[in-house]
Amino acid sequence: MLIFPFILEFVISLTEWQPIYGDFWDAFASVFTHKINQGVGYNYLITDEPRYLQALGRTVIISVISLCLEFVIGLALATLFLKKFWGKRLWFTALLSPMMIMPVVVGYTWFMLFQYNGPVNQFIGWITFSETNLMWLNTGHLAFIAVITTEVWHWTPLFFLIMLSGLNSVPENPIRAATVLGASNFKIFWTIILPNMKAVIIIAFVIRGMEVIKLFDEIYILTRGGPGTATETISLYLYKLAFEDFRLAYAGSAAFIVLIITVVLINMMLKPIRYQLVEGR
Amino acid sequence: MSEPVLELRSISKNFGENQALDDVNLTVEHGSLIVLLGPAGAGKTTTLRIVAGLEAPSSGSIFIEGADFTKHQPNQRDIAMIFDNLALYPNKNGFENIASPLRIAKTPKDEIDRRVHEMAGMLKIDHILERTPATFSGGERQRVALGRAMIRQPRFYLLDEPLSSLDFMLRIDLRTELKRLQRETGQTFLFATPDYTEAMALADTVCVLLDGKVRQIAKAQELYDEPVDRDVARFVGNPPINIIPARITRDNGTVNISVGSMTMPLPAKMEHGLPSSVSNVEIGLRPEHVRIVESGSDVIHLTGIVNDLEPLGMHTTVGLDLEGVNLFFTVEGVQEFKDGDKVDVHVDLESLLFFDPETGRRIT
Amino acid sequence: MAKIKLELVKLCKEFGELNAVDDVSIAIEESETMALLGPSGCGKTTILNMIVGLEKPTSGEILIDGKSVLNVPPGQRNVGLVFQDYAVFTHMTVRQNLAYGLKLRKMKQPEIDREIYKVSEFLSLGHQLDRKPSELGASELQRVAIGRTLVTNPEILLLDEPLSNLEASMRNQMRRELRRIQGETGQTIIYVTHDQIEALSLAHQIAVMNLGALQQYDTARNVYEYPANRFVGSFLGNPPMNFIRGKLAEDSGQRVVSSGESTMPLPAGIIGADMTIGSDVVVGVRPESLNLAAADNPGRFTSEVLAVEPQGPETVVTAAFGDSSFKVIVPAGTDAEAGGAITLAPQSDLVALFDAETGVRLMNSGGA
Amino acid sequence: MPESKFTPFNLLGLVAGLLFAVFPIFWMVSTSFKVRSEWVTSPPTWISERPTVDNYLTILAPHILLARRGGTDQGDEDFGGSKDDGVGGANADFLNRSAWPGIKGTVIISVCATILSIVVGLMAAISISRYRFGGNFTPFFILAGRMFPPIAIAIPFVIMFGPKVFDMTDTYFGLIVAYAAVTVPFSTWMLKSFVDELPQEIEEASMMDGYSRWGAHLKVTVPLIKGGIIATALFILILNWSEFLFALVLTYTEVQTIPVQLSKYFSATEGTLYGVQAALAMVSIIPLVVIGFFIQRHLVRGLTLGAIKR
């Protein structure tokens, strides 16, 4: 079910085929009648299509920033949950709720919030005691921040959940051993608990990393990659290429390059989680 | 029944490059209780799984009542197996657990009720038929597993360390009860365990399995008194046998055995079977074959210095340094001496075992 | 009397209405070794946690070197605890594990290195110092856990089930190692275990616990040979002590216990003044305290053999007495098989009489 | 875990976290009850003075709204617009606002795709877990299926579903197959982690009792991991329910799903119909939150491909 699309993709990317040229089978045949463009699509993309590389760059930046933010906030919240407090169960469900919301709805919700006269500006106004009306979705770097905020809001609960289960899976006895040896809670956290959670933290970054580079729904609704290409991630660029400019051939080759990059990324990431996944321990 | 109930003919099995079983041959007669004895990882469970059909042997064949069953699926072999974690169905109550083989065989409902209640009576577990396994005690779980295996009168039973999860006192009681049950029903049991005391207490014959090879098949006491090699001798018996290098010397007719700086004449009847020429051997000395004697008594004795004392209630294990040779022996009850004391001991030479240093096989 | 190192005074701990530890008082002397022995769930681990400070007692006092430590936090009680699963810090090397306690005590590095060298030589961990715990075997991990605590030379060293995670073959060797550590360091050690072999072989004094209550606290020998009640008798000994229930009777001048048609003569010294003939009694005798008796031995009795279980050096024979049975240890060569008869006589000084209801020992033929 | 006390600073952190998480949801809920005039105001109105259910009626029961307004065209003030502009005016335009086709589409597609994905996933999970099927290539392949950006798969799908090939564009069957294809990795891994937790001996014991190999799997393993299967199915349902890209790309008019429908609430005259959009968003969210609450325990397992079990 999944292998066939990849082969197909590779084939198209070699051809100049456009939907308007006629039906697909001729293009398919043309591959074998050496009318292919010798992969001109590929070098075109890399050499003189800056937008492609920029989109890749933007995707990486967005991913890195949002992952780090999600990790810090998630871990902080998780450590708070180690302590006992009233209504813990309710609080826990509330904190998890953003994760349950459809990406599309998240997009629309934050679209409303980031309106010129929306509550975000109002909120900032309260804090900075000044009348602020930032054009969130229309100015380059602000849109960038908006997208990251949305992503962080949507998926921090997952980090929170993984960190919490990580904290709970740290074996009890080494902590008690350290206590008896005289270590303070703070010292125990840094020298025993955190190192023990290295595997869990890696898994969280890997799993979330796989998701965030595929970001499409929220951005498509929030800024559609705008203003201009300020928030255009690789997914959006491919979408535009394939379904707006209908240059399927280029979209094919671009997508194929992305597949290759993802394969490389998988192998890199597979090592830490392979043990977990294959053994299922 | 002339044909043996089970026959393993040169069964070998390897997982990747590690050789789990190497040319295992075993014949199980009808109504006997054979125990597969060996340390963890010796291949006991693999053997049972091959007999059950859960694993296919790499080579060799399995004959059940004379017919070749090597290729058959588990459910075609009519064998019952009790796993070490008893593998009860957690979502079914006691009654259903015991009745499951009959349900699968589509036995009529009223017959199932009759036979399950009859079995529960015999195993004294009628009171737990309605409850689920999570609420059972160790002994009850074990009896339900037994009930499930016996309800369908299979050809024979495979038991993979069924007592290992029980606590100490219950294990001793259930062990005797299992033996009584086997004797009364005349069924054939193939029982795997790493605990040699369990093996000796239960078995008609013990089959010692070490590193996937069958080392010895013998009666329980024979296994202890005449082990086939060094490893079996070390494995059976706690505190373990002392294996000490020694030299056999012959001068004018009498055979002497010297250990370190000590030399003692061997009693005449021990000489047969010993190699004629001067040679190095390894002697096996059971801890109970060394007795303390009053200092200065006329019996041939040696003096050594105590270097370890382990009171164990019934016996006390004493570590002795006999002129550089370290050995352990057991003394009745709780003795009153300390590290460093000098002690005179008499070694019962008649019960010595001799092993070939290279092959480890027993000479006499 | 040597200095009392640790004293528990009327210690109690309740979890809800279950009182896990019920009025336990124990004193242990300097460089003595003591074993807290009992089945799982008898409160021994709770006591361990209270001594170390990981749990607060509901009532009672804990004195170390005479001073109360109740409100001293676990880190400052200078007691060492070795866990059953060793609880070694897997992400650190052996050296870092050993140094952890010393770093907390703000020791200077050269001093730390010296201490680590000393303890690693003592526990023969010299060549493992820079390896990760994942590469070590069970007994090495155990030594790292012990070393990590020993290096901070605690007032008291507590070990929680030290041998239960080891392979059977390793246990003999590890028990020898623990005895060597005891001897050479003179450390006051408390073992918490459910394994009687461990307790008997490692501890001078044994405190037998059951359902939170202290059953008996005495030297290993007294606990084994003169159990204070039926529980202690049944918990120690392999196979455990036989408890023969019957009526006290007079048979040609000799006191006997009879049940059904079998009778067992009792050694003279056992009967106290207040025991009336015909009352219910329970006789406690260890399988190894019953010996084969010659035909003319006055104290002999015969009973039918039910089962024979060879054990190697000895054989365990199960024989009938009234409607119950008892086990006896006979030398390997004895010719006894199921259905036959066997004549036995109890060893005069090792028979105990227990109260039928409370199980408390009434009289002991050994006089202790 | 060290039980240090709960300092006020911690409370501050918790409250901030809660506000950040809950506020947007609160905002959407309140917008769905706002009258159109309150949709976009400055300063923004947090809670509507005249909460109305019209937005919900627009998407769920437009005829009631129409009937209430006497079937005529005159706008009324609660729609904040004069007669001639927008919503109240063009009935046809009004009627196609109803969300029912979208809801129908989403329900059918996500349920069928979930069932297909679970069935395939269960077979794969059992064979990987019990027979090491596919050696170590399978984990890579299944992980890859999940890691590739959907857009990279969407392009070939569009072509594959194109007129001359399978001709499945804009059909229910097409989208179901697409959704199943993308979610099989999830279902396989999550089910595998449940199957792994079941000791193999129980199956083998049932084989000894008389079941064949796959008989044991079906009669013993599946009933024992029933809870796991339900949790996985619900989890996959959430994924399918909220999928947007494939729907956007593979469907035009015939097949509608909620996410795509959400982006259609744009009237030429007064821009995005925020209230109506919020209403549909609310309608589509409720089942997800309810399901999410039920399988909360298994969420970690699902999202981390079974790598982490809480």
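For clarity, chains are labelled A, B, C and D in written order, and residue numbers in each chain start from 1.
Going forward, a contact is a pair of C-beta atoms (placed from the backbone, for glycine too) under 8 Å apart; a residue touches a chain by one contact, two chains touch by 3 or more.
Worth saying up front: this structure is predicted, and the values here are computed from it rather than measured.
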Message: By raw count of C-beta pairs in contact, what's the busiest chain pair here?
response: A-D
Message: Roughly how far is chain B from chain D, centre to centre by C-alpha average, rounded to an integer in Å?
response: 60
Query: Roughly how many whole angstrom separate the Cα centroids of chain B and chain C?
result: 27
Query: Per the centroid of Cα atoms for each chain, what is the distance between chain A and chain D, given in Å?
result: 18
Query: Residue numbers in chain A touching 2 or more other chains?
result: 179
Query: Line, ring, star, complete or other: which one describes how these chains touch?
result: ring
Statement: Pairs of chains in contact here are A-C, A-D, B-C, B-D
Field: chain D - residues contacting chain A, complex
entry: 1-6, 10-11, 13-14, 17-18, 20-25, 27-28, 31, 40-44, 46, 129, 136, 139-141, 143-160, 162-165, 177, 180-181, 184, 189, 192-193, 196, 238, 241-242, 244-245, 249, 258-259, 262-263, 272, 274, 277-278, 281, 284-285, 288-289, 292-293, 296, 299-300, 303-310
- request: Under the touch definition given earlier, write down the residues of chain D that touch chain B in their complex.
  value: 199, 201-202, 204-213, 220, 223-224
Query: What residues of chain A sit close enough to touch chain D in their complex?
result: 1-2, 4-6, 8-9, 12, 23-25, 73, 76-77, 80, 82-85, 91, 93-106, 108-113, 115-119, 122, 153, 156-158, 161-162, 164-170, 175, 179, 185, 188-189, 193, 200, 203-204, 207, 210, 213-214, 216-217, 220-221, 234-235, 238-239, 242-243, 248, 251-252, 255-256, 258-259, 262-263, 265-267, 270, 273-274, 276-278, 280-281
- line: Interface with chain B, chain C side, in the complex: residues 39, 167-169, 172, 175-176, 179, 183, 196-197, 200-201, 220-221, 224-225, 234, 236-240, 286, 288, 307, 309-313, 315-316, 318, 329, 332
Residues of chain C that touch chain A when the two form their complex: 52-54, 74-76, 79-81, 83, 85, 87-92, 100-101, 104-105, 145, 148-149, 152
